[in-house]
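Okay, structure first, notes after.
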Amino acid sequence: MFFASDNAAPCPPEVMAALSAVNQGFAMPYGNDAHTARAVQVIRDLFEAPEAAVYFVSTGTVANCLSLATVSPLWGAVFCHTNAHVQEDECGAPEVFTGGKLLLVPGEHGRMCPEALDKAIRGQKPGVVHSVQPGAVTLTNITEGGTLYTVEQTRAIAAVAKAHGLPLHLDGARFANAVAASGATPAELTWKAGVDIVSFGGTKGGLMGAEAVIFFNPEKAFEFELRRKRSGHLFSKTRYLAAQFEGWIAQGQWLTHAAHANAMAARLAEGLAKIPGVAVAPEAAANILFVKLPEETVEKLREAGAVFYLRGDDYARLVTSWATTEDDCDRFIALAAA
Amino acid sequence: MFFASDNAAPCPPEVMAALSAVNQGFAMPYGNDAHTARAVQVIRDLFEAPEAAVYFVSTGTVANCLSLATVSPLWGAVFCHTNAHVQEDECGAPEVFTGGKLLLVPGEHGRMCPEALDKAIRGQKPGVVHSVQPGAVTLTNITEGGTLYTVEQTRAIAAVAKAHGLPLHLDGARFANAVAASGATPAELTWKAGVDIVSFGGTKGGLMGAEAVIFFNPEKAFEFELRRKRSGHLFSKTRYLAAQFEGWIAQGQWLTHAAHANAMAARLAEGLAKIPGVAVAPEAAANILFVKLPEETVEKLREAGAVFYLRGDDYARLVTSWATTEDDCDRFIALAAA
Amino acid sequence: MFFASDNAAPCPPEVMAALSAVNQGFAMPYGNDAHTARAVQVIRDLFEAPEAAVYFVSTGTVANCLSLATVSPLWGAVFCHTNAHVQEDECGAPEVFTGGKLLLVPGEHGRMCPEALDKAIRGQKPGVVHSVQPGAVTLTNITEGGTLYTVEQTRAIAAVAKAHGLPLHLDGARFANAVAASGATPAELTWKAGVDIVSFGGTKGGLMGAEAVIFFNPEKAFEFELRRKRSGHLFSKTRYLAAQFEGWIAQGQWLTHAAHANAMAARLAEGLAKIPGVAVAPEAAANILFVKLPEETVEKLREAGAVFYLRGDDYARLVTSWATTEDDCDRFIALAAA
Amino acid sequence: MFFASDNAAPCPPEVMAALSAVNQGFAMPYGNDAHTARAVQVIRDLFEAPEAAVYFVSTGTVANCLSLATVSPLWGAVFCHTNAHVQEDECGAPEVFTGGKLLLVPGEHGRMCPEALDKAIRGQKPGVVHSVQPGAVTLTNITEGGTLYTVEQTRAIAAVAKAHGLPLHLDGARFANAVAASGATPAELTWKAGVDIVSFGGTKGGLMGAEAVIFFNPEKAFEFELRRKRSGHLFSKTRYLAAQFEGWIAQGQWLTHAAHANAMAARLAEGLAKIPGVAVAPEAAANILFVKLPEETVEKLREAGAVFYLRGDDYARLVTSWATTEDDCDRFIALAAA
């Protein structure tokens, strides 16, 4: 009954197998090897983006920070949701990397409101030195609130960004879950909807520690590479990052794992919603669930070995993963109901 | 015949096995798991340093940069050898992380001359705001020139650093090779000789991408953790970094691999030195060799599939690894001699 | 009828005279001259703070940024009002200098609400690396909303800061006006109320471009000096900054100028409040006034040569200075009333 | 007998008069006033550069750092002389502002050797992420060694910079002295010789604290303005910086002062060279002189009230200014000869 985070699960077999498969002989370092080239192509194919620049890094923090730093100037404002991970959980890393400032955009259920975004951007005056200059917009899908930006909702945000000439970045730490939840293709949920750069998360979906950064327009690729180097994120043995993605995507497991995680959350939601005194927050769409539990239920669950965090407002955050079992869910529900 | 770098070798079996061994069940993220605690203890034991703060990161660049940033102030001068990796091959990353300035100390065969170090430190006036303030000293062992700082030579550098109240950092990308070459213990070659912080390299010795940072004085540990987070280097699934070290050290392979690599370089050196027109640079002590080869020999070797770099001055740099075979060496020698 | 800002006024005679007075012979540079020492003492006396470290810089931006950077760590959160100048009008300079993050605290009429401050600080978890660490609190007095923090209100903010062990900085761009408005002494409105560092503004009060930074605890003085140097703010001919302060304070003009500016704003407020259709925002305490004017009145005033800015919400911001005349005010009122 | 630095002299009368002249009425802040526009035009005329972007800042440190940061990328190498002021006396400020790295170019008498510059630039490999990328070249004229780059010598440096596509910056803290010494016009010694950006120093030539930054190509002007703001260097009352330049240049005093300072140094050199046991360093061209003096002579001079610094190698550095008198020089010579 481990629901604290999807980053606590082990790696699925296809990932371990892929690591073994590339562990043969010498390979040129720093990304100049055939394994890395192959994994780049796998990602391009998956996103129907033959021209995209694709890079592998090891953490979601750096995937987001390098992406934003590459497209937003030193004096840039990066617009994000009030509760975005980049604002709340990165110890200021986005400011360190970009040199700029996050500006917060409100919106219900973890999604920026397009009108609020427009107003926030208008608040920063281009050409006036006293004001940080509009730099980029970043959205998280699946959001920090466990909700989904549909293709339509993504388009609405992109429309505002484009109207102001701003690049749109997607923090896709749980992008696989978003694809599974939306039924859209990776392309539909990104560049076809107006997203310019994606942090395509692997770690929360089962990888050891691997994220892909995708620039659909490769214009600033070398700048990204320099920033990656200068922040200590250029791996010498890149094949071991690349292989994880290759193995994970090869037979479609990236998506079946995500669909499984989503299903486990839905199972929890369904079971918990029936319990008197328990409230499930609306619009949960993927593998994150916020559930209001009576205090004594929380204690009872924890005593029984369930692991999860409480949000400030007494909602429990339950996160499922590829490794969550039906039994985990059912036991949790039964305990909560007892 | 791959001699371009030791970072191009695959991972030895014990490392792959260790990864599989920890790939079981859920584990708390961000270093709060039993695997990581165990690997920290393994390192403390290896260095006879029960109080040390030990952290796992994924690249040598960041191991060095975070170490230096933690101990040298924003306005600090970091003293290093003229040809140190931190000066020549990091795209300015040390300045990015520390906020300060590298100041170069000459010395033969890749080792700083203690007198030159003393003079360089005296050149920066403490208390005078026009001058960067002495911040830290960093040495590389095995040096970029392929030579060794013996325990005595390390002590001599440490004595200068201590006389000025400066912390001493060791860039140990090839520390295993230094231990194997010196016959000293890890403790003797580090804290017993006056080293305060070590970047203990694993990647060049066989790991996928794992380095340990060791603070013998744990006073600034939390500051290091904050800097690691803010630079995007905090892994969620830390167990997979920790396991690599644990597997590598468990049966002493870290050292036997290094000894093997050193022996392969010695074999190359011995064979090549006998060839007329070929000169082996003096004082090679471990797994890096600089060899002056006639231009046509270089071409011939490369045509035959040998991979290696030329230094600016026409010396070939030959690097061996745990995966280098006697046959690789002998074929190279035979081709060079032909 | 110039009401756009108090930084558009010329310098009063005593400032020009003081510059002439020190323009004699050679003087050691970088603050090591008798003129600077004398002006430092003048400030210490004014604040009844014989131990204070006092520095002269040339802009309010840098006075605030260097102050905060000196006391808040790289990973520090600086808590300020939602509409603080450091947040809205500095193009991200505070983040550049401190390395950290501004976190916004709501509150009516430009003053932080102490309870909201307490909640904001509690939101950042000390010891948790994902969260910026509480670093410092900064308040502006006179606030950006034209209101005053009384001694009591300052104490209430200081109590929260102290309860969390945080230093309290005062952005005193219009500190002279605050002293004049409050009737308190500089000491009562600062260190006696719990303020640790003051940016004591001179420019808006009549100086050419001079601000004093006052650390009541001089512990971090040398660190400030290094930061000042590294940001290009160490003047060689410091006597010309120091002299401005000395001349301005000598006969108490700093305060009489401020009292005059406040009186001119009060005169405006009184006159405008009587005009039907015109609304004066409440709690104006010093030399900044927010006044709701009918659109056609704005146009008429501007055509007649009145200079002032409109806030986003259609309130006009009227700022008076030492150089504002009764006639300026009366003409403005008459035009608005016509 | 004050020869410690030219930044210790007072301001000449025309500068004080110019400050008084602009001290009338209200003026729009932040450079949007008629005084500033007029001073910009004066500088454009002086440099025969009608399109140039011209900015006024208050210190030489920031003039150089903002100039370099605007034209060299974050990962840029700035090539300068081994003993350049930016390397030795700025506490790392150039690295703070640019984000990059200074790389040192040797050369006799304070001038970079063009061949050494070419070699240094070639050492940094464009397109290779391990290496900082060539960013800019900066020369100081008058050099830190007191020597002049003639038009020809400037052209030689510019030719190397241009061959590598690099912008050339001139640290002109003593540019007036260089113009006076060379007999060339400001245009001939800058853009006509290939200089792209000039830090035109006023402070050492008599101003209170004012430097002009000149971009002959105004393309990056707004970027400079943002960087100036973010570093706290945007003055509100810009007229007081601008007026200093206007007054100083109006009747040609900027040049007559410099010529006077140069003449005083020449007088010193001539007199001192005749004294047995005293050696004047060769190629002194302007207002800085390095003179080897016997130790007892140094003591005697200092006892008699002469103020000057000793370089590490026992040479005294003597700097003259517009305020140095013939009598100062003659007394110094007489004392040294006694």
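Lettered A, B, C and D in written order, each chain numbered from 1.
Note that a contact is a pair of C-beta atoms (placed from the backbone, for glycine too) under 8 Å apart; a residue touches a chain by one contact, two chains touch by 3 or more.
In UniProt terms the chains read A, B, C, D = L-threonine aldolase.
Nothing here was measured: the structure is a model prediction, and the numbers come from that model.
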From chain A, how many touching-chain steps at minimum until you land on chain D?
1
From the centre of chain D, which other chain's Cα mean sits the farthest off?
A
Selected from A-B, B-C or C-D, interface repeating A-D by over half of its contact pairs:
B-C
Using mean C-alpha positions as chain centres, tell me how far chain B is from chain C in Å, no decimals.
51
Find the geometric centre of each of chain C and chain D from their Cα atoms only, then give the gap between the two centres in Å, rounded to an integer.
34
Report the inter-chain centroid distance for chain A and chain C in whole angstrom, where each centroid is the mean of the CA atoms.
42
Residues of chain A that touch two or more other chains: which are they?
75, 90-92, 96, 129-130, 133, 226, 229-230, 234
Chain A partner contacts - residues on chain B that touch it in the complex
2, 4-5, 7-11, 16, 19-20, 23-29, 57-62, 65-66, 90-93, 96-97, 203, 208-209, 226, 229-237, 240-241, 307, 323
Which residues, counting only chain A, touch chain C once they are in their complex?
75, 88-92, 95-96, 99-101, 123, 129-133, 312
Residue set of chain C touching chain B in the complex reads 30, 74-75, 127, 129-130, 133, 222, 225-230, 234
